[in-house]
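Report on one structure; see the data block that follows.
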């Protein structure tokens, strides 16, 4: 079992970051492959693609938030060990499910199950990120500004609650559930000055 | 709100560059997936693919220009902050729309709407790049050679005008509009000695 | 011919690692493209995708294990030469076959040939990794902790036996064969403290 | 116009290498997307895929050779300028045509035009690589071991001749033309000790 031994040998983060960057970059662009140009040649032929486009935009925002947070988290990490590597793989796996969820909800935005599944995938990503964060802070000084800043991590604590609410609401009103998921993304895009300051 | 405080803590640019490189690289190669080999086995079976190929070539040139400019811009940047990160994400999002525009116009080069949409996507990219550039120069000394060189940035100022002209002209003559968009690309490919010298 | 001359000029590993990272990252995410959302909009419409999903999960785990091991191996390598470059290309080629095997077995999990082919592809990857490892340890001091740690490399020695068993068993019971291949993946995921300690 | 001024400001090669790595990596793996698993579940259902697989293997080898050579070339380069950047983009563009050529010849290995086109694409890549090499050696000392080693670059000089022969022969015997193209790849895979020694 992994023990939280600060003396443990840690590897540098560069290659893990490079690999994660590549995976995030591919996930983002893979969603674009799903956009097949319409048969017609008029602007109104694009109309049926609007829900797909909005689903893509939302997933792009989530992946951008995760990349940003991942960037800050790995920057603060003193190094990585096997446990962090696997936690990171867990996050990447959950992230690769986003294009599937996006495609299903983009084609069926009025339906409950696709909306709920999209919420479940976002919830899985939040859990995976939380595990990665815990594995990294376990190697850090508990009194460091970064760890203390995360202690009041209200966004990280609120998000799963909203995802869960979105999943349940999807069976009442898919649109309302989607609005909640959009809201969480916007909450994250507002700059997280707290972490930036702790690192500053 | 973001304040243009030069004392602000800036992160190094490496990981943002690596992530952007991956996204640009994937966007370029994703367009190739759209080229399905023809059913026949004669050279003339390739003829229907020629417009698609030319659209791909044009988009490749634009993405190469953006990568080159992005390279110079990030090289000059003293560092990145949250505001630059998001401006960069905005540019990458606009860039991911290029394959869609390319596929639509490549299949319908004689039609107005696809040509106009392609122009709109190029215009969006130009705006996104301008925002990124502003966010970066905001962290730089106003008297630096790089910032002063950008002050006379005639290419950057002319391009949106040409894109707008292309969008309007697409409804009169798609071919003429496409020629204008080709012209802008060529204008950019002519080496930008000004910026290179400012950095030299 | 390549001679195991320790004095030979070795190149740094950075670019080989970056290239391999990109290939591994793309292989992982390419498998996701295969997941087309179902026609229906109910949760039970996802049921036919479950075997595909499990096949993807297994392949993701294998690729994550290979990336982890590759990471440690290249970290320990004093440098690379032409022979190591080509051995690495051999591993990457074998890895690119995984998405094909995954797609075939995911759609036909009850059939013998797809299961056996998946086992053959895993066996090819194991052989390619072993060759890469040999080419790298050939440039290292035989008495180094890393080389000695690999001497008792029981996982590396057991895996091919299990793959071979899985290939043969696929013609008796595909399910049993698949369970063996899952078992090997789990064996690898259990952290390899031996190598980590040798590097520590 | 670009002048071969040795005093000119050169940029470091890192980001150009990273971008090229990503493009090469994606081109290689994009070809795998073309392999759709067969409808049947028997080994003999794989038989129709054999020519496609061989075409993929050949293209993989060519791309691996280009990556290797690109690696050595950029390693030797003292830096990059705008002219080198665009020559590199030219090579990457030609490389992105390989998956298309591979898919067409893989499906029609018995036909002349696909084989000839594949040869043309390889010839274009050779020309693009030659231009890149010239732009880089133009920034180097003419008496350096690397430049002198390239002076006797018999592989680089022979390859275009063989490609041209392959293109012409494709109209007589596609198989014979393909064997020539296989031969050139093998010639390149034999380690290029000359360049390695010049760098050593």
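So that you can tell them apart, the chains are marked A, B, C and D in the order they are listed, and the count of residues begins at 1 in each.
Criterion: a contact is a pair of C-beta atoms (placed from the backbone, for glycine too) under 8 Å apart; a residue touches a chain by one contact, two chains touch by 3 or more.
These figures come from a predicted structure and were not determined experimentally.
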Quiz item: Given a C-alpha superposition of chain A onto chain C, how large is the rotation in degrees, taken in steps of 5?
Solution: 90
Exercise. Examine where the copies chain C and chain D touch and state whether the two sides share over half of their residue numbers (same) or under half (different).
Key: different
Quiz item: Hey, which chain ends up farthest from chain D, C-alpha centres compared?
Solution: A
Quiz prompt | chain A and chain B, separation of their C-alpha mean positions in angstrom | solution = 27
Quiz item: Hey, how far is the Cα centre of chain B from the one of chain C, in Å?
Solution: 38
Practice problem: Pull out every residue in chain D that's touching 2 or more other chains. | Solution: 18, 22, 26, 33
Quiz item: Any idea which chain A residues touch chain B in the complex?
Solution: 17-18, 21-22, 24-26, 28-29, 32-33, 35-38, 41-43, 45-46, 57, 60, 64, 67-68, 71, 75, 189, 191-193, 196-197, 199-200
Quiz item: Contact residues on chain C for chain D in the complex?
Solution: 2, 8-9, 11, 15-16, 18-19, 22-23, 26-27, 30, 33, 81-83, 85-86, 89, 92-93, 96-97, 99-100, 103-104, 107-108, 111-114, 116-117
